[in-house]
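Below, each structure is written out as structure tokens.
Okay, so chain A shows up in both of these, paired with chain B first and chain C after.
Then we have the complex of A and B:
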């Protein structure tokens, strides 16, 4: 075996360029694989984090009626002040943070422009900032005070309305009693959250302002709860117990962020399938490269192979010598691929890739900002390395067998 | 005891609708230590006969025995082992492995045998290269050697495993006559030293002179078989 390995290594030096080109092609494929995987993982996990940090917390408590119609933000199934107080008390008793919110479907306009649909979210700035991370994403202006009378809009909204800090925008919506209401509010803050759904759809006012302008009178349609650990359990089950012992379980329901984000989670599953197809494609390209290179090697050495077989080298040994040679290319390619992958990963982990010019307003289905980062993925590096070598070994069997297919007498006469 | 026995060898090649009768009932034996030439014009069947004796090809009819082993009954793998253990080849084109040095070319064939330690094999290889007059050139690659030197490496490669039989198909055809002569002298010397059976083919008068036995082959038939008086 040692002599075969030696022969294989020497054979790799016959056409250094060809070996390198095949190796580089492979390295490129494997590096892309590692890189894409790290990025998709980040996007996936970041999306899950953002679902919690910007949309759903860990779980949301609302009335049963509200739950069934939540997409339409109904205003006739609110929780009253007393219920809200109890629920928050229970949640905070468990160490969780809880924030009541009410969403109003609205049209926003500025300077005689047409109304653009947004959800006007009424929240308690102090409580809300303990549940959600929006406060960290203020671009200009300020995050609302509890008694603020201004509106916090997203950078997307600011651009669409062409309105900035200090401008008064017109919000057309309905009050809790379904009467039409149009209010002019000063923009006091602009945020840019990493969750595109929030960026594109939500603007924020205080509950105090909603109470006075939209007649909510201390009610709210949902209470978002965030656990101190970030995990649902054991807080979820304790919350259920708490609601039950307060006699609230008949009217209220709890939905977890996984229930609420199930659309996204399902899509993220299929995206993973998609990335596997991408992997497969890369490896088909690698396989074609290896088979091509090895077939060339076999054909240019017909006479030598004939001679070695004449001198008693068995067919198995000949096949092995070619497989080992391919494995050598596989090793070079995989090793370089992992190195390159680490480099690309590192760039994406520390610097990130700004896709904002590419898909600023495009929905690519991830709840992330337009700067994409990577997660380190040592398991994928190992997998890519092993898979790369295995793949070359596997596909090289075909050309290697070709080497012993010819009759020895024909190979010796071969010109 | 005869090293090689060929009995009633017939070999036909089919080229499209035509049948080329390359060997027509060839009977010949070679004793151990013989130094024989198969002589005949191009196309007379020399290579075909050597290939059959060398277990590279099977006759359509007839039987070949090497060291009393009946070749017909052997599997592919067994044939490879027979070639590895008993037969050395030298060809007109040297067919050395260009990425290996002279030393490695010879040593590689020895290592296929899986006998002896690596150190022992290296010693044997060095001795063999010395015997073919390549001392000091063992680290050269084939392209850094002249044609005659390359053929010497090929001879060393054929002989290093101490085969019972060495087959050389027109070993001097690619060499100038002076180099050819030195190659013949080398083979003769090795034949005497090791009592290895040599069978070579040629159509060169000068080369024939070296043989102690000359077998004339014409159109696939032996027309003359004569031994020189010692």
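Then we have the complex of A and C:
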């Protein structure tokens, strides 16, 4: 075996350029696999984090009727003040944070311009900041105070309306009793959340303002709950028990962020399938490169193979010498690929890639900002390394077998 | 069709009525909307902001009383889109849809075919006198021609689309010639004006109405009707959901 290894190494060094070119192609493929996997993994996990931090918390409590028509933000299935108080008391008793919210489908305009559809979200700034992370994403202006009479808009909304801090924008909506309402509200804050759904669809006012202008009278359509650990359990089960003991379980329902974000989670599952297709593509790149290199090596060395066999080297040993040579290319390519992958990963983990010029107005399905980062993925690095070597070994068997198919005498006379 | 019909539909009154209370005037406006059947074809011209050329949609409409209404669009882009109002339900069947869908909840608040009318405007059946307190603001000459009562309506119930309305009512025909619709904040939202009236079967009928959205620059819908037939027999098939889905 030692002789075979020596032979394989010598063959590799004899054709340095070819070995390097094949190795580089492999390295590039494996590095891309590691880098893309790290990025998709980050996008997937960041999206899940953002679903909780900006849209659903850990779970949402609402009336059963509201749940069935949630996407249309109905205003006729609200929770009254007393129910809200009880639910918040139960949630806070479990160590969770809870924030009542009401969404109003609205049209926003500035200077009597074209109306843009947004959801006007009425929230309690103090409670909301304990459940959601919006307060950390203020670009200019300020996060509202509980009695604030201004509106907090997103950077996307600000750009679309061409309105900034201090401008009065017009919000057309319906009140809780379905009466048309049109109010001019001063922009007091602009945020840029890393969740595009919030950035593109929501603006925020205080519940106090909604009470006075939108006839909410202390009611709310949902209460969003965030657990201290970030996990649903055991808080979800305890919350259910709490609602049952307060006699509220008949009227209210709890939906977890997984229920509410099921569309995204289904897409995420599909995307994971996509990364397997990416691995298959890498396999094809590697296979084509290796088969080509090894076939070239076989045809180039037909006479040499004939000579070795005439001198007593068995067919099995000849095949093994080619397999080991291929494994050598695989090792070089995979090792370089992993190194390059680590480099690309490191850049993306610490610096990130800004895709804002590409994705700014595009929905790419992830709940992330336009700057993409990577997550370290040592398992994929190891897998890429092993996968690279295995690929080369597997695809080299065919050309290696071809090397011993010819008669020895024909091989020696082969021109 | 409550808001639209306030000015669309005919007046049966023939002479001026003196010393009426504001409630009586409003009741007469309400009562004027009584008719057996109506059918007409029409055009909606929809202008939004800086759009160079307004959208033009043509349609055929038929109604029986206040609660039953059928509308079918005939312009190339919307041909085959049909609406059917049956009592408190509004159904839509899109051009390529196999089934009719009920318009309900939040969708009712949306604009009808991109116009300045909402579905809800078409759905309201309540009498104005049931929903609003009314006061007489005075009398005015409308367009320098017609003597009008200027009425202010303020919501007396919570669940009402427009918190306040100001209506110019023709003193002779008890026909709403202009209606201003206000938000809860008292901001003017929309203004509906009768641009042309024709006499049909001895009754005065507004054949061109402009609905202007005062919240947005240069945003209005012109509603023009022609070939109006009043109180002629209408086939039941217009008002059948099964027929709508065919």
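The definition used in the following text is that the second predicted complex is superposed on the first by the 415 of 415 C-alpha atoms of A that agree within 3 Å, B and C clash if a C-alpha of one lies under 4 Å from a C-alpha of the other, contacts with A are read in each partner's own complex, and residues count from 1 in each chain.
Following the convention adopted for this analysis, contacts are C-beta pairs under 8 Å (C-beta built on N, C-alpha and C of every residue); 3 or more make two chains touch, one makes a residue touch a chain.
Everything numeric here is computed off the predicted structure, so don't read it as measured data.
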For the overlay on chain A, clash or fit between chain B and chain C? fit
Check the residue A:255 against both partner chains and state whether it touches chain B (first), chain C (second), both, or neither. neither
What is the contact status of A:311 with respect to chain B (first) and chain C (second): first, second, both, or neither? first
Look at A:172 in the shared chain and tell me whether it touches chain B only, chain C only, both, or neither; answer first, second, both or neither. second
Would you sort A:160 into first (chain B), second (chain C), both or neither based on which partner it touches? neither
Contact-wise, after the overlay, does A:65 reach chain B, chain C, both or neither (first, second, both, neither)? neither
Counting only touches as set out at the top, which of chain B and chain C does A:92 meet: first, second, both, neither? neither
In degrees, rounded to a multiple of 10, the angle chain B-chain A-chain C between CA centres equals 140
In the overlay, chain B and chain C get no closer at Cα level (Å) than 70
Taking the stated contact definition, name every residue in chain A that is touched by chain B in one complex and by chain C in the other, in rising order. none
Across the complex, what residues on chain A touch chain B? 2-3, 6-7, 10-11, 13-14, 303-304, 306-317, 407-409, 412
In the complex of these two chains, what residues of chain B are touching chain A? 51, 54, 56-57, 76-77, 80-85, 87-89, 91, 93, 95-100, 104, 107-109, 111-113, 118, 157-158, 161
Going by the contact rule at the top, pick out the chain A residues touching chain C in the complex. 69, 72-74, 105, 107, 109, 112-115, 170, 172, 174-175, 177-184, 213, 215
Per the contact definition, I'd like the list of chain C residues that touch chain A in the complex. 48-49, 105-107, 109, 155, 158-163, 181, 183-185, 187, 189, 215-217
